[in-house]
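In this document, chain identifiers A, B, C and D correspond to the written order of the chains, with residue numbering beginning at 1 in each.
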Amino acid sequence: MNIIPEAEAKIRIAKRIARKFSESSKKIIINLGVGIPTMVADYIEGGNVCVQAENGMLGVGPVAPEGMADRQLINAGRQPVTETRGCCYFDSSISFGMIRGGHIDATVIGAFEVSKTGDIANWVIPNGKQLGVGGAMDLVSGAKEVIVAMTHTTKDGKPKLVKNCSLPVTGIGEADMVVTELAVFCFEDGEMVLKEIAPEASLDLIRSLTEAEFKVDANLKTMEV
Amino acid sequence: MEASKNMIGNGKIRSVDEAILLIKDGSRIMVGGFGLAGNPDCLIDALTKSSVRDLTIISNDLGAPNTGLGKLLTNGQVKSLIGNYYNWNPEVAKAYNEGVIDVKLLPQGTFVEAIRAAGVGIPAFYTPASVGTELSKNKEIRSFNGRDYVLEEAVHADVALIKAYKADALGNLIYYKTARNFNPVMAMAADLVIAEVDEIVAPGDLDPECIITPHLFVDVIVKGGK
Amino acid sequence: MEASKNMIGNGKIRSVDEAILLIKDGSRIMVGGFGLAGNPDCLIDALTKSSVRDLTIISNDLGAPNTGLGKLLTNGQVKSLIGNYYNWNPEVAKAYNEGVIDVKLLPQGTFVEAIRAAGVGIPAFYTPASVGTELSKNKEIRSFNGRDYVLEEAVHADVALIKAYKADALGNLIYYKTARNFNPVMAMAADLVIAEVDEIVAPGDLDPECIITPHLFVDVIVKGGK
Amino acid sequence: MNIIPEAEAKIRIAKRIARKFSESSKKIIINLGVGIPTMVADYIEGGNVCVQAENGMLGVGPVAPEGMADRQLINAGRQPVTETRGCCYFDSSISFGMIRGGHIDATVIGAFEVSKTGDIANWVIPNGKQLGVGGAMDLVSGAKEVIVAMTHTTKDGKPKLVKNCSLPVTGIGEADMVVTELAVFCFEDGEMVLKEIAPEASLDLIRSLTEAEFKVDANLKTMEV
């Protein structure tokens, strides 16, 4: 079922989201979750994108080169990172003040499931092995735009875009955009709308791999990959 | 502790061991740090070597099994946890499932805001985070201007163990890069605040415009190993 | 404003007059300052010379009659006030008694916390200040751990006019002594934040550890007359 | 009725409160209101007292000497002040966080009236001429100890220590200590207790100038003036 190998799928998703940010004509502030979202930073071009890390930094630079890592300078995924000119540090209450207060233009997060009404499940698989929520609930409720970066299906081919989330949700109706290796969806007036489709995929294929009902945009485009 | 009374400043400076002696069984202890950044390593180490137990640990995470704060759990010193992200330490879920410890999870932003609230005398506040999720079950939901919010209460501690970069002898603190994280907030929210620092300087040596934690929040200063 | 687009940084730098043109009749405007410290004097002056009216001014005080912010009242540009201390400007009580303006008084700590709340996405919080007094009449009183608190809602603005010491071209700000007061908090709580500064430097020229207002809060930077 | 001339009375009150602070064996943080409270700073001795100003400074120094005033460095009474070694600045939300959060050991405030149960009225005389509350409500509810500094009677000899406040109150049962030019009272278990009496005053005089009922401490002392 996996039309695109997983590693390649992840890069494609990261690149597509990066392009959205690179095209911004104004300065934007983004927050990147762990996993595919972190990879987005590698593909952003132009000087208008500024990365915030919820552990207390604005203006996060690239991952620190080998041998240059400072254990006390990390992003929220615990990777050693670098500074950019004009970066600054602050405590976690100010950091989440930025997030909750609507000062972050976009957050990119991974997810296990997204429902047809934009509910997001990304914090826990109830198998008793994990206990942790992180900043995801604050991010999805606080960021101006919530972009979900995830493969279109699970490893065994099950749809992740579902009618209703079967896993515990992170937020209700919070998703604004979902980017997979096969398609780009946006939520418009509470409805999921297919905006782009990967060159390898047909509309039938997308329908067969997507449990959630969706509209097809009149101006459906081929995803640039 | 007589010796330190004659030290510069107001005598807040103690050894790590003296500081840990101030902590009692059953205490609620906040500990700063996120991942491996900004942890008061020497204080944590001394706490894991002490006989103090039945602790409630209020922290972002709990290190890893038998490492950092995780050692407290491995040692059986922990009664309950209030925090945010224990995925880095699978022993937490295991101990919780086995009924050995109690765990109260809060979204990270709610967690830090609840600590700040305790520090600034706010008993409770409303936040949008976790509305509609398992984490707001049994909590009050209320609408303001058409949007739902959940009521969260302040989280206070008996003791805060925090990590700063430099202290002056009065207890003013500055931090280092992302090691700042929860430390300045926890410094406001406990009855007894113990700050582990890399360096202690004289009052006046820190720029008054750049002091992050004013000295009135800090009770004890210890110099870390480093 | 085309010209400024090619300036260093992201083009947040404007002239005072350009900045004031962004303010519309009927706006809710926060203005920093306490007494005569930390007021954005040039912006206030330009506002009093503009034709903008029906304003709600959210500020600690209102200067003195026909002076500073007081001029807005003398000019008849004010519709209502939300603030804390108008004893320095007796024209405020007079206009209020005559029904010319509306005034909402908040205790100083509640005032600034309500502004912070708006900035950090907290719609409401509980505070002990004003319980049992006239200022908590018709507000919800609720008990936590045996003590009464009053529910206060966030105070948000359309525009904030603030004063900082230096900005870098990105909009990061540092302040000067007690001129800091309400400015960093108001910088978080308005849709449009205009910062008047004494000096604009290049990004990287301010110490990342000492930046008080991170640039994402600031929309427009103007250089004051000084 | 004014046994002590007003100017002298104010100095006496300020000195008595200053002595209390000077005698502290541990570091204490105090906040001083406008009027007599501000004068307290002039008489504090020893290095254990640190003054906070609610407009955003810890470690406030003496009033700036003539010609050295910096308009941007003031206390909450708008007086130009100076720095002390180890002082620092912060915004108003942190300043009131200190106050509301119980981090200030004592606040000294003026008052129009104090009731027998410790209610304080100090923010407004309802004559329509003033509109302002300041930080008094936060201070009386937040500081660990609330010390009222006021003359024993009004200018026309009316008691300010009353059964019930006739003016709008600032806080209910918040007073811990009242220092006048004639007496020192403390509130113990909700009751007003006379602790010290000025050399010029008799107990009868205090009773005649005090509307509020009070107990007399078994260990009643003569006020050091």
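The criterion applied here is as follows: a residue touches a chain if its C-beta (ideal position, glycine included) is under 8 Å from a C-beta of that chain, and two chains touch if they have at least 3 such contacts.
All values reported here derive from a predicted model rather than from experimental measurement.
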{"item": "For chain A paired with chain C, centre-to-centre distance based on mean C-alpha positions, whole Å", "value": "35"}
{"item": "Chain A-chain D separation of Cα centroids, rounded to whole Å", "value": "56"}
{"item": "Rounded Å distance, chain C centre to chain D centre (Cα mean)", "value": "30"}
{"item": "Sequence positions of chain D contacting 2 or more other chains", "value": "89-90, 93, 96, 99-100, 142"}
{"item": "Residues of chain B engaged with two or more neighbouring chains", "value": "113, 116, 120-122, 127-128, 175-177, 208-209"}
{"item": "Graph class of chain-chain contacts, one of line, ring, star, complete, other", "value": "other"}
{"item": "Touching pairs - complete list by chain label", "value": "A-B, A-C, B-C, B-D, C-D"}
{"item": "Chain D contact footprint on chain C (complex, rising order)", "value": "34-38, 61, 84-88, 90, 92-93, 96-97, 103, 105-110, 112-113, 115-116, 127-135, 175-185, 212"}
{"item": "Chain C-facing residues of chain D, complex", "value": "53-57, 70-76, 78, 89-93, 95-96, 99-100, 119, 128-138, 141-142, 168-172"}
{"item": "Residue numbers on chain A that touch chain C, as the complex places them", "value": "26-27, 29, 48, 50, 52, 58-59, 83, 85-90, 93-94, 96-104, 142"}
{"item": "Of all residues in chain C, those that touch chain A in their complex", "value": "10, 116, 118-122, 168-170, 172, 188, 203-204, 206, 208-209, 211, 214-217"}
{"item": "Chain B to chain C touching residues, read off their complex", "value": "113, 117, 120-128, 144-145, 147, 149, 153, 174-177, 207-210"}
